[in-house]
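Chain lettering (A, B, C, D and E) follows the sequence in which the chains are written, and residue indices restart at 1 in each chain.
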Amino acid sequence: MIEFTPEVVKTVITTASYIAAGAAMMAGMGPGIGMGFAAGKATSAVRRQPEARGPIITTMLLGQVISASTGIYSLVIAIFLIYGI
Amino acid sequence: MIEFTPEVVKTVITTASYIAAGAAMMAGMGPGIGMGFAAGKATSAVRRQPEARGPIITTMLLGQVISASTGIYSLVIAIFLIYGI
Amino acid sequence: MIEFTPEVVKTVITTASYIAAGAAMMAGMGPGIGMGFAAGKATSAVRRQPEARGPIITTMLLGQVISASTGIYSLVIAIFLIYGI
Amino acid sequence: MIEFTPEVVKTVITTASYIAAGAAMMAGMGPGIGMGFAAGKATSAVRRQPEARGPIITTMLLGQVISASTGIYSLVIAIFLIYGI
Amino acid sequence: MIEFTPEVVKTVITTASYIAAGAAMMAGMGPGIGMGFAAGKATSAVRRQPEARGPIITTMLLGQVISASTGIYSLVIAIFLIYGI
């Protein structure tokens, strides 16, 4: 019969949590690409109508914040996994 | 005969759940790219017709919320895996 | 009964932390692509209207800083994992 | 009771550090793609307005340096992991 | 008590170093894509204005050298891992 002491249990679970946190953070790749695309489009929009800079930047920021959401979900899950909240 | 105590069983399952939660969160990559693309297109649309800013941003938000869905599915599954609801 | 000495526990957890930190850093791929896209767009925008260089570069920088966010989350998580804060 | 000699501890941690350093360096993929995109855009911008070569190259370099940031984060983390700073 | 002879220690660390060096080199994918994009843009730029060949090639080379940076970081880390500098 295989038995684990409480310490072994804790070690194994902590190990898994940390590896999972690292894996979860990989999702940051996507928002990075997406938000950069939005930044590029905003840059060329500002070139064409520098006077519309206000609404262009507002739209970029609004869109980027929403694009960032999945990256933030991953950050939250990673923190949960590391600190075991 | 290999036998597991209930604690071993629980440890192995928790370990697998955490690693699976980390893997699930990786899906966030896709919506991040997609929502950023929508944000970029909205930015250049606002440049061309700043007076149509309202409907442009509404359309962007609606599209992004739907694009976010797979990221949210992953988040839900990850939370289920971590908290064993 | 499987038992771990405190040293074994620490070793296993450190191992997992380091591997997870390495995995988390992979997220840097995304912002690198996104910020480069913004840089490319800014470059061609400056070509077309060298006189609008100020607002173009400002918009590029603002957008890039936000795109960098998921890369910075990963860096923070990696540092947490390595130094066990 | 599973026990590790100090040498085993060191070996296991070194092993993990090296593998993690290798994983972290993979992030260099992203900035490589992004900075190359900026270089390509600058090349065609210089063709169209060779006289604006100064500001074009300056903008390219500024944007590329920022795009390189996530690659440099990974390099730093890799060096930390290898030399155990 | 798990004990490793010095030979086992060396074997395990060397094994990990080599695997890590291989992983690190994967980053070369990115600069390869990016620099190829720049080369492609330069090729079509030279076709359109053969007389501007000098500044076009100079810009391409400058941009490519910088794009190569993350690939070079990986090369350095791989050499460190293999030769244990």
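Here is the rule we go by: a residue touches a chain if its C-beta (ideal position, glycine included) is under 8 Å from a C-beta of that chain, and two chains touch if they have at least 3 such contacts.
If you want to know which protein each chain is, UniProt gives these names: A, B, C, D, E = ATP synthase subunit c.
Fair warning: this is a prediction, and the values are worked out from it, not measured in the lab.
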Neighbouring chains common to chain D (ATP synthase subunit c) and chain E (ATP synthase subunit c), by label:
C
Third chains touching both chain C (ATP synthase subunit c) and chain B (ATP synthase subunit c):
A
Equivalent interface to D-E (more than half of contact pairs same by residue no.) among B-C, A-D or A-B is A-B
With chain centres set to the mean of the C-alpha atoms, which chain is at the far end from chain A (ATP synthase subunit c)?
E
What is the size of the turn, to the nearest 5°, that moves the C-alpha atoms of chain A (ATP synthase subunit c) onto the matching ones in chain B (ATP synthase subunit c)?
30
If you average all the Cα positions, which chain's own average lands nearest?
C
Chain centres from averaged Cα atoms put chain B (ATP synthase subunit c) and chain D (ATP synthase subunit c) apart, in whole Å, by 26
Take the average of all CA coordinates in chain B (ATP synthase subunit c), do the same for chain E (ATP synthase subunit c), and state the distance between these two points in whole angstrom.
32
Per the centroid of Cα atoms for each chain, what is the distance between chain C (ATP synthase subunit c) and chain D (ATP synthase subunit c), given in Å?
10
Could you tell me the distance, in whole angstrom, between the mean C-alpha positions of chain C (ATP synthase subunit c) and chain E (ATP synthase subunit c)?
19
Touching two or more other chains - residue numbers and ranges from chain A (ATP synthase subunit c):
2-4, 8, 12, 15-16, 19-23, 26-42, 44, 46, 56, 60, 64, 68, 71, 74, 78
Looking at which chains touch, is this a line, ring, star, complete or other?
other
Each pair of chains that touches, named by its two labels:
A-B, A-C, A-D, B-C, C-D, C-E, D-E
Per the contact definition, I'd like the list of chain D (ATP synthase subunit c) residues that touch chain C (ATP synthase subunit c) in the complex.
1-4, 6, 8-9, 12-13, 15-17, 19-24, 26-38, 40-42, 44-46, 48-49, 52, 55-56, 59-60, 62-64, 66-71, 73-74, 77-78, 80-81
Can you tell me which positions in chain C (ATP synthase subunit c) touch chain E (ATP synthase subunit c) when the two form their complex?
29, 32, 36
Of all residues in chain D (ATP synthase subunit c), which touch chain A (ATP synthase subunit c) in the complex?
30, 34, 70
